[in-house]
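Worksheet: the structure to be examined is printed underneath.
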Amino acid sequence: MTTTTETAGGIQVVKPTVASHIRDYFARVRGGDLGTLPAVLGLLVLVLIFGLSRAETFLSALNFANLFNQSAQIVFIAMGLVFVLLLGEIDLSAGFASGVCGAVMAILLTTHGLPWYVAIPAAMVTGIVIGLVLGVLVAKLGIPSFVVTLAAFLGFQGVLLTLLEGGKNISITDEFVKSLNNGTLSVRDSWLFAIIGVLGFAAAQLIRWRGRVSRNLVAEPLGIVVARIAGVAVLAFSATYVLTLERAVNKAITSLKGTPIVVPLIVVFLVIWTFVLARTTYGRHVYAVGGNTEAARRAGIPVDRIRISVFVICSFMASIGGILVVSRQSSVDPNTGGSNILLYSVGAAVIGGTSLFGGKGKVIYAVIGGAVIIVIENGMTLLGLNSGVKFIFTGLVLLAAASVDALARRRASATGS
Amino acid sequence: MTTTTETAGGIQVVKPTVASHIRDYFARVRGGDLGTLPAVLGLLVLVLIFGLSRAETFLSALNFANLFNQSAQIVFIAMGLVFVLLLGEIDLSAGFASGVCGAVMAILLTTHGLPWYVAIPAAMVTGIVIGLVLGVLVAKLGIPSFVVTLAAFLGFQGVLLTLLEGGKNISITDEFVKSLNNGTLSVRDSWLFAIIGVLGFAAAQLIRWRGRVSRNLVAEPLGIVVARIAGVAVLAFSATYVLTLERAVNKAITSLKGTPIVVPLIVVFLVIWTFVLARTTYGRHVYAVGGNTEAARRAGIPVDRIRISVFVICSFMASIGGILVVSRQSSVDPNTGGSNILLYSVGAAVIGGTSLFGGKGKVIYAVIGGAVIIVIENGMTLLGLNSGVKFIFTGLVLLAAASVDALARRRASATGS
Amino acid sequence: ACGTDDGGDTGTGTSSSAGKVGVILPDTKSSARWATADLKYLTEAFKAAGVEADIQNAEGDKTRFTTIADGMIASGVKVLVIVNLDSGTGKAVLEKAKTAGIATIDYDRLTLGGGANYYVSFDNTEVGKLQGQGLVDCLTEKKAAKPVVAYLNGSPTDNNATLFKQGYDSVIKPKFDAGDYVKGPDQDVPDWDNAQGGTIFEQMLTQNKAIAGVLAANDGLGNAAIQVLKRNKLNGKVPVTGQDATVQGLQNILAGDQCMTVYKAIKKEADAAAELAIALAKQETPSTATKTVVDPETKAEVKSVLLAPQSITAANVKDVVADGFVTKEELCTADFAEACTKAGI
Amino acid sequence: MAATPLLELRGIDKSFGPVQVLHDVGLSVYPGEVTALVGDNGAGKSTLVKCVSGIYSIDAGTVTFDGREVSVHSPRDAAALGIEVVYQDLALCDNLDIVQNMFLGREKRRGIVLDEATMEEMAGETLRSLSVRTVKSLRQLVSSLSGGQRQTVAIAKAVLWNSRVVILDEPTAALGVAQTAQVLELVRRLADNGLGVVLISHNMNDVFAVSDRIAALYLGRMAAQVKAADVTHSQVVELITGGRSGNLGLPPERPSDFIDITPGEVKK
Amino acid sequence: MAATPLLELRGIDKSFGPVQVLHDVGLSVYPGEVTALVGDNGAGKSTLVKCVSGIYSIDAGTVTFDGREVSVHSPRDAAALGIEVVYQDLALCDNLDIVQNMFLGREKRRGIVLDEATMEEMAGETLRSLSVRTVKSLRQLVSSLSGGQRQTVAIAKAVLWNSRVVILDEPTAALGVAQTAQVLELVRRLADNGLGVVLISHNMNDVFAVSDRIAALYLGRMAAQVKAADVTHSQVVELITGGRSGNLGLPPERPSDFIDITPGEVKK
């Protein structure tokens, strides 16, 4: 039997129970409303495939840790791109923008001999300025973002070449910068980070739940909230456990354990941007402009300013991606941020579930989609195929991961939601 | 004074005169409804810039003829992409698809020693099959086209590498194939082509005008129709005049004059696709699906089939682009169709005025946009800048061309149309 | 689930004592050699020695390069052979390998400051010098007076292209300075893209109709230039250089359209590298690395095997065939049968 | 009146995810009659129409057309049966003009070429009969039309064809006085020509002016289907707002799985 | 009634490209009064509203608000003046839910965090007062709402704020009987609170039920602005369909630049 309760505005609603909540969830899934489920499913399938074919290497603690470092650039660019995509715009220049910012940092560190706490902010500021310029061109002049950022894509390639004086590589030696995407937290800090993270998540969830219940608004049953917290805790702790195993290749020579430093970096930005999008006026306005620009304009939202701001965020995140890739490679060259970086980043956001038409997407989608892309890249290289075949397989595996997603979503249109 | 007349359904309308028509045109332009005008303006500005800075070379007959050959691949891919973009989809794989098709042709010609009339159709069929597969994946499985074609972009790169056994170049020697994007019509045929083309255009325009007038429908004043025909005639004949000038680099050794063979190829496809989009049921349905998929579905249009078909057309056009680029280089390598080809092709369509959100665009836009892109490429290489500076300038010039467009269009949103 | 570092090798044959070897090749764009020649020869060499090898290509992508390296290190290779994409990434990988206790070999390209254990290579600057000298010879043969020489360089983002250019500049620039040659257009071809190369050269010719010699950085770009020259019936009149001794390049040489190419006996290089790697994998001290190269950055000496590239003209095309680098069937197709006979193949 | 219904729905259920919108709905449409489908906002009228026309798939229930049980999976199927629908959310292609929209999916052709002149003439005639004024040109994009003009185009589009059942979902909502009269007249004329017509409307005057039968939906359930002559204006309003009126309508005891989500009554 | 109009338009011209839609239109809105704006389909009512609210720029004419001449370049400016509009083409963000749409652009915050709970409560209260039934949850996406539910959300959105002029463009078009009554009552209540209200409607009963003044647009020209008490139902219909009625309305001789595009009269 269901019990009803009265909520805001006197609307009678069914009091949700754990059972009804789970029943509703499955009904929603059958109805095609899936959130990140399909991308996560696709990820699981991939892990299964690679895990079965290269168990000892793909599933090793070392490889697991490597995944985070390898994904850093794409995940950061993709997180920024989510904002741009939410508005139905595109930024083709994000890849090379990250290269330019990375190069700015590298040059300041080496040629100018400045310390990291000058060079890193300088790179970030470069990103912000780039975003401002792109945003203004799109919002104020009204040039389609595809064209603006295509021009920027070419221009930044040239800037990068010029910064690197026609093709030199610049190696960096700054230990702090190098540690960003190579170093690890100590085992103690790794656990500390996991515990603080889980506690923070639990607190946020419970406070929110309390707030709604106390004001007599429809809230999830406590059981579901607790289950969600438990799930996150299990994930976080088991990941930390694996990451704090000894994973040095040659244990005699060196020891390597602890959560890679990029993990807290990714988590912090994920939390910040998720908060911004879900819980602030600004985020609400981003969704509104992306969903229906005209409606947003009529509601008095400063559409142009929002449009500029997403390009700033995107280029800013690209700058961090650039810093991290330079850190990882300890060097910057004229192709940093080139190649497939951009397509992969957009792909990451889209696979995660972000719409290219605007209005639909979350930052977590970029992280999950980035994981899909990197697992494919990582797994494929472990198979040791020759180039041609590897490209073909990469394409096929990407398609397979996306099909899981598409098939899961298929019923959505059939049932009309 | 205006005179009115009664038209279909007994609606009273003003009988348009040449004067009123011109007045209306300017009112429309002021109101922001501009068609290809801005792109053409952008093109003129570019020609002016390069013409002033490199008059003797950029404005030479040789360079003018070269423009057509150089643009062939991008223009063909862009024409195909217009169909995909009209549906709000994207095809990232069109570049490498053209490479794969070119490679298929080259391999059949050389390794298998087959004649061109087998190899060329085989390449086209390859294109069609590629399009079918992409289309089915997008339409039937419902995977976003960005992801499908990103996978295909990777996959085809692998196919190309595999076809070329890991990176060999294959030279073709077939004279017919080589003539496609290198040869010229004889001077007589060049003029014949221009005259037939202009007569055909005139006939089409006048028959259409007669048809409307005879059924008492609102028609343009005859003066405007005649002026339009005259404009096209002047353009065609002056281009033909320039192209039939002697343009050999070393006139002592060889003679080179006549319209490049690609010009009739481009014109024929432009006419065919323009006809298909504007005057057939199929074209109407493409616009409808792009404008409002749901409305099209409710009107009983087979949306899936339309969606598949545009990918087929796109890949088919890419295959021709591939054939032409292989013809031009007389060789195919693993990078044929790679690099910036795809971004440039999409850019061409978008600069011309095609919307990435679907429903808005014409095939001619791809040709004009392609001209913008190629004039930039062509002019930039004449300036002899170093790589970095060249990239930066290319970006800036592209932006400048797009700004002309954007500024001209700006009022559109201000006046609300 | 995967704590053991032992590869689980249970066999007792000779191979059991040898560890696994990882090889990372750079790309498929700068030259066809990586995917066609090196891969084949290395695979054969390792197979012959019964040593397990994992050979991968980074597709010109540095991120992928490091990803592959991570994967190989994770899978427990004992020797890592790399052709770096640039010294920075190369160095990062070498350092990681070293901390993991893996022996390293720089193959074909020296990683500056990387401190690899061994170095096997053709000298890229030397390749450029051969190209420059080849062009000079052809121009002299054509008795060109004050010829305009155009440069069609490799990818601006490829460090090798820079090295090649250093090589040919060292030969030709003095001629410019002396006024013997006239400097013509000088442009890079992004991604070594042949189609773009063709367009760029076409524009060079539009810009300067007097171009009398083309220094193209490899055979693909050479062929692109030759096609433009053909269109203007200038092929054979304007010498064009190349590199890699590809079938296409050799055919162009036989046809008289290309002046020379540079042949790097990749099999020798591959065999030398494989030999080193096999020795290291078996934990023996290799004896073949007799020369040394000084790392310009650290001034440290790296034990090296150095091989000499060879300049190929119509006169010695047969050497390449004799070497088995290209087969007669590939080269002497119907169109070139006559030329082949003439060249003594 | 005809004895057998032309279109008959039985036991239609439809859920969107966890929300069930239609519960066991039945409806009969007779040839030569106008059936008014009434119901409060959110009662499920438009959803029912979309189930019939194949836009939504139904979860349970049968659709019988002309005595045969049919399954309608897409609007194409519905059109093939001869069912035409004017949707509440008009669904016009903003990037096409009036004529193009009116003939969408059924373009007139001469050979393979579109016969624009004929279509333009036919469109003009139809619009004229619907009292459309102030349209500047038949070649105006529908994106630039006023609300009422858009609605007229949608109606004109549906009545151009030789269909057997025409369903109009609030066709006169945005129309002016004269245009509304024309549309009601058209509705009557269609029925008199032997078509089955379903008219959804919130305007009781309009409903009583043209309809032969009235079907009232209440919270996703069919409360009653009655002859228009047998009920009064206020009885219908009671059916709409309360689901029953006297001995008409839903049983007084609520079905057990039914949850009232009506907001607390606001005091008048 | 108040002597000076709160909002006054004078000589408004508006063209879209070559098409002139508004010719020299004037309109006065008085505080405490409901001014009904009527006119045939395509007469230019919605265009006029959009000119006032800054969505369209005007080609000529002045807007006076509270005695000061103002220039409204965007909906932000209009909102700053205290002008709220319910548009005919509702303009809701389909990807947001009911509460989010209702507070769009004026979110309640606590610090930098959105105060969802307060907004949800306020939205619930407002909807309750508008007799909204069958909304399953305040967190439903508006894309899944029925036509009437969407319209209610749009209305609720406009009346949540302390504005001085409220303009409603056909607010009851999609509403059911009870909801319509509620909205009309709301309109009256707003005026009684001293606001200036403009109501656009095609329903003469509604117009006469609540309005104090009636302004009739005819083919883009203001035919007459009269007190509701001074005219009859049929006079207003004549003004709408013909531009004049007796000595009211446009001068009988047509202005010279005026072209009649009315289709030939259809015989009744």
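Going by the order they are written in, the chains are A, B, C, D and E; count residues from 1 in each one.
As a working rule, a residue touches a chain if its C-beta (ideal position, glycine included) is under 8 Å from a C-beta of that chain, and two chains touch if they have at least 3 such contacts.
Computed from a prediction, not measured in an experiment: that's the story for all the values here.
Both chain D and chain E are touched by A, B. Interface comparison, A-C versus A-E: the higher count of C-beta contacts falls to A-C. Centres computed as Cα averages put chain B at a distance of 44 Å from chain D. Taking the mean of the C-alpha atoms as each chain's centre, chain C and chain E sit 74 Å apart.
Measuring from the averaged C-alpha position of chain B to that of chain E gives a distance of 46 Å. Among the residues of chain D, those touching two or more other chains are numbered 16, 55, 127-128, 135, 144, 261-264.
Across the assembly, chain C contributes 28, 35, 39, 156 as residues in contact with two or more other chains.
Annotation for chain A: residues touching 2 or more other chains are 9-11, 13, 161, 166-167, 340, 386-388, 390-391, 417.
By the definition of touch given earlier, these chain pairs are in contact: A-B, A-C, A-D, A-E, B-C, B-D, B-E, D-E.
By the touch rule above, chain D contacts chain E in their complex via residues 16, 19, 39-43, 45-47, 88-89, 127-129, 131-136, 144-149, 152, 170, 173-180, 182, 202-204, 219, 237, 240-241, 261-264, 266.
Those residues of chain A whose C-beta lies close enough to touch chain B in the complex are 88, 90, 92, 137, 141-144, 146-148, 150-162, 166-167, 340, 343, 346-347, 350-351, 356-357, 386-396, 398-399, 402-403, 405-407, 409-410, 413. Remark: chain E residues 53, 55, 74-76, 79, 85, 87, 91-96, 100, 104-107, 109, 112-114, 117, 120-121, 123-128, 135, 137-139, 144 touch chain A in the complex. On the chain C side of its complex with chain A, the touching residues are 1-5, 8, 28, 35, 39, 54-57, 59-64, 66-68, 70-71, 73-76, 85-89, 91-92, 95, 99-102, 113, 156-159, 161-162.
The residues of chain C lying in touch with chain B in their complex are 28-29, 31-36, 39, 156, 185-188, 190-196, 198-200, 202-207, 209, 219-220, 223-224, 227, 230-234, 237, 246-248, 251, 333, 335.
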